[in-house]
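Shared chain: subunit A. Partners: subunit B in the first complex, subunit C in the second.
Now for the complex of A and B:
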């Protein structure tokens, strides 16, 4: 499968290079849907320029990247385009290898379950075959590389691409089973934007499952391994933060990066949910609503992990989706990452209920974003409510997508244990409802 | 030194010509002004008030022609007639029918235009109480040796003058403004000309010294316009200013016409209204006041035939041919500013580099992790 992957990479690089050379690059780099105050390229250049003038880039409200990004771009600022294309390539290749490995494990588990006769006889059509799973890794890479969202994010040179690369490498290391590397990459991802912290739980669950340690609170082996993993994770996070201190010699980056992400002072419109609420809020309610909104991101981890403790990779998918919907400054690059996983769950297609609705709404909203922005800002005939309505609708569509997949996944699991054609006690056909 | 020169000159004059010597000397020391200013205001807008803009521009033209530079003229026009959409001859403002005289020209500098012509701005210009950001061209920077000409035209009534069809300035306000100017020593002598209906009411309330006022009509009379031009479609000038312009066209910088001739401009037969004037506040006799004292900017220059020695003579360096070659001394100006040091000084671009400790630490960690994970001997199993 190396040849099609290489071809895909070449095509993707060509498209991105063509867009970089065209006049659209500047246009895209200014769109608020693609760049946010956290990851705009303009701000990175500004921060580096401030550093050359001898001023700390964290003074003032312009630069919210981590010191490691400063270090990286200090040497690579002239090759920025190549850097972002390579980051996209790394993400795609990492996802490819990860999904291939995951498929092998899925197939192996299925084989054991079949041999152990654990599946009822009428759900044989739900069993997956290697033939249908053969092209899934390539499709994953294709979904990521050729997604218009990813292309826009790369052409805008938003550092979201780098964040995606780190998360993809984290997923790869987790699925390969290397605890140390996955802890380190998770620490890097958390260091860059706080929210991948929630991916700690699925990674832990996966590693436990891989080592055949049962997830039982009463067992000491569970706690021992959790402690080890947590220690590796927190230790590497601590080491990275201390190292960042030594770059500039100050702790200025802590309030500038993490304080900015958590306290949301910048209310530039984006595709997220924060800006509109906080623009019209009274000051004395601000802290309360800030806590509510931020808890929303972290809140779904524990219930979802309890429900999906046998299926940590699906949990990773759901958690990524929850992060990109509820984070404080989302951009289309975040969405592109979890959309890349959709081919992995293509066998759930027969259980999905809202495909048409979700795809229409997502397409329509993506088309309407620039239109309503123009009407609001330039033509003056709309106002922020119009734009926020489209934002809300877009997020609702994403939530619907994720919950639809959740339903389909759980339904398939249920069918695999209880048979495909469900009957009620009196023999009539039953339906499954997700409550 | 200078008084000696002048006295010697006067004595030579006495010897050479005896007629008008004392008058000339008297005139020379008579008017105490050293600079001239003019504030010319047109207060009405809309196309049918073309004549007010033409009035103001004719006075502007005369005043410029007689020597007052644009830097000393504050021209306020409330509307733009030259580039008005209804002007069939764009970029021109004519003062006489058959388009004989274009008073707009190439070098008109309007300082306050359009909606900037307000009562507040006018009073601020007069009293000098402008915000610090106002440019020089919009200020009346007169001092206590300035003779100022103030010309107002527009629509007026008994005791007021209408600005822009929305506000008005009263004669009391104007009188108080002139008193402020007197107390702040902003003028030496002031000539106030107004061409509106019932214009004389505007100078009734003046009480400051050294003011002379002229108006185109008395209280209860209307000032009338001159002729319409059928091609342009509006009246081009008001009568009073038309005849004033005709009068001023004959004045040149050296003319000795005095104010009494100005008072005779536009009698009732030509103007239909009775022009009025007020000279009781003026300290000099109007017969001794030259037109060019207010309308022109005449510099007093005296030419003398005597040679004067400068205090430090220039030393001539003589070249002494010693051994056949010339010795020359070069004289150069002393550098007041070390210009060469300043222009060749560029700020050194100090590029920021990450500290070495950081780079060392980072790469050590990366290498540690790499070897921990892979171990050098396991590398070939991974790929």
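Now for the complex of A and C:
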């Protein structure tokens, strides 16, 4: 399996390198769908220039990246293109290994369950065969590397690619069961963009599951482990933030990065839901709706963790999707990360209901974004409502996609315990309805 | 959400849609066409009204007195033009300077990719002259432009004369709050392109021009004047700009309002408006006017010198003086007054024209159809594609569930892999053909001229047609390279991809240029809906070729000539067809018109995909 992966990496790097050399690179780097005020390369360069002049990069309102990133590029600025390509490569390989490991575990679990005769007889169709699972890791890597969204994001040198790499490494370490590394990478991801904070719950659930510690609030072992993991996480977060402070010598970055993410002062249009609302809103409602919108991102953690506590990896996928839909400055790079997980759930295909609708809408919206942007900004004949309508549709499609997968996952689990062909009490065939 | 989550209701709806797919599609198509034809019917259209407050309630009085003198200046200009054999730069500079304007010139040169036979030019060199009247009443942050072309021969001398007359008169008025730029541009659109690029510091087409020495504020609106006779019978308003972009409707309203006020006959597309909408001839008149607008807009060409302003977010229109055999004539003083009135109203603007519509069609100068009314016509056509896609999707997802034993499943899996591969090959090959169609005609002109007895222009056009036709031969050997033979599932997947592709493509096109999108939808949608490998080959192939983008263009030319009341026979039509293609390619490389790349790189490959399906083996 190493050969196809290498080939894939070579192809991916070739495409990116060709695009870096073409005239399209400048165009892509300006697209609001691809770069946000947080991760635009232009802003990183500005921050670097200020740093070189001995001024705090956070003076002025341009640079919003974290200090570690700016120090990373302080050394790597000449090799930026290679750095971004490597970041994409790391993400793909990490996801590849992680998914391979995860599939092994899934298969092992399934084997035990089969041996224990835990599945009803009529759901043999739902049992996954090693043959169909064999290519899934490769497909995951392919979905990430060859996804046009990832390519665009990489060519635009959006630092989103680096965040994705950190999150992918976090997933890898979690699935491999290394609590310390998992906590460190989670802390790094949180440090980068706050929102991955919600991945704490699935990681903890996974590690607990791996150590056969039941999730039970009356058990001291549960609390002890939770405390350990939380300590590792908070400790590394603390170390990283202090490190940033010692690198820069000021606390400027806290309001400039986290304040910027949470209070959403920059209302440049993007593919998210924030900008239009906050541009239209009366000023005195701003704080209230800011809280509503931000709580919205974090809130889903609780019900999802309760519902999916047996399936932490699926929970990670759900959380990534929720973050990339509801975060304050989303870009297509964020979407690419959770889309890469879709092959892992390919066995849910038979339970999906809106795949056709959702993929049509996503495709159409991706094509309409630049068209409506052109009409609004360059031709001046359309206005922001046109663009926002497409943004809204795009996000609705994403939400439908995610909820569809959620429903399909739960339904498969339900069938695995209750049998595939459900009967009503009177013996007629029953159908499951989501209300 | 009931529909999305309740499986029973979903199944009922989907089975209804697939069962009645063909009739629904036919009904949608007819409804779409009927809706479109209905747009010209007067009770369904809205009367134009002035939306911009700054131009509505304020009264202005037109006092321009010096029409005769302007014509004399025009004659003087003509004499100097003849003497110099081109643009009389020195004379223009001197004249404008003597009026007290700040005068500047701009030199530009451009070598066309191949000789333009319509206008007989290849290496173009010229000079633009413009004078700026500085606003006495306000900070000079905004500007208006009045332009007149310096055309070869005896054309447009009166326009330049009137421009100079107006500049002299405007100079003596004190109420100007915006700079007024009087521009005389040489080599029509090429000069205009050079001037606009110079003004805005951009260079999109690789033209050489000297930088502008003087500038006004940001340009709010522009009028381009074309006038070739001392008296006129009517004024024609031209709105269609580059890529089918239209100025804000308020500019047309402004023109119409002043024509009414001063009592000048005004037309759009050269057609007067009529009152007898309830008669058949009245309705057909409105349809003709609207169809002319649709065809002009679909061509994506700038139909007057104003066309390039629109790209820079400047509302602009051309006003053409027409002298026909009608009894009642209008003199230059009246036209001058009309322009004065329009400029004074534009001068009152507090912000850019934005109140009124940007997306509209006009069945007459006093009536318009806005985007909300015409989009359903396109929507009804686009729905057909989505319905067909849904039908194909249902067919495709129904196929695997029929076989339930394991062996069949594995075959299915390998088939889907082949399916993906057999979809990818036609996609790649047809797009490569598209790229060849886009790049080769200009690249290979020298070679063609060397080997065949043709001129450069002919070489370019004929190469384009040759590649276009050669593309038809491709499908016979595309997918055989990959797999011995295509499967039943393979063409369904390919058709699904092609139908969705076409839907997205037409949707995007219709948003940018409704007319182009609609005309393409009108021809491509029926073809996309019915084509399968199982229809009679020869007949369908003929039908497909007749509905291909190239033939659509060919028919459009005849239709256009018919509407303009200058019908052509087949021979002339063919010559016109060739020249239209060369103009399309030139418009792309000179001004960045998008129609040629759109057709070559996207529409044509998409059509090839359907051609591929027809010959699926």
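We take it that the second predicted complex is superposed on the first by the 434 of 435 C-alpha atoms of A that agree within 3 Å, B and C clash if a C-alpha of one lies under 4 Å from a C-alpha of the other, contacts with A are read in each partner's own complex, and residues count from 1 in each chain.
Assume a contact is a pair of C-beta atoms (placed from the backbone, for glycine too) under 8 Å apart; a residue touches a chain by one contact, two chains touch by 3 or more.
Only a predicted model underlies this, so the values are computations on that prediction, with no experimental measurement involved.
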| item | value |
| --- | --- |
| Partners on subunit A (subunit B, subunit C) - clash or fit | clash |
| Which superposed partner A:380 touches (first subunit B, second subunit C, both, neither) | second |
| Which superposed partner A:368 touches (first subunit B, second subunit C, both, neither) | second |
| Contacts of A:71 with subunit B and subunit C, given as first, second, both or neither | first |
| Touching partner for A:282 - first (subunit B), second (subunit C), both, neither | neither |
| Residue contacts with subunit A in the superposition, subunit B compared against subunit C | C |
| Subunit B versus subunit C as contact partner of A:212, first or second or both or neither | neither |
| Partner chain(s) touched by A:246 [first = subunit B, second = subunit C, both, neither] | first |
| Segment of subunit B that clashes with subunit C, given the candidates 1-9, 19-27 or 109-117 | 109-117 |
| Subunit A - residues contacting subunit B, complex | 51-52, 54, 70-71, 74, 178, 180-181, 184, 239, 243, 246-247, 249 |
| Parts of subunit C lying in touch with subunit A, wherever the complex brings them together | 4-8, 10, 245-246, 310-311, 313, 352, 354, 358-359, 386, 389-390, 393, 413, 500, 503-505, 507-508, 511-512 |
| Parts of subunit B lying in touch with subunit A, wherever the complex brings them together | 349-355, 357-359, 361-362, 365, 369, 372-373 |
| List of subunit A residues in touch with subunit C within their complex | 132, 353-354, 356, 360, 363-364, 367-368, 371-372, 374-375, 378-382, 400, 431-435 |
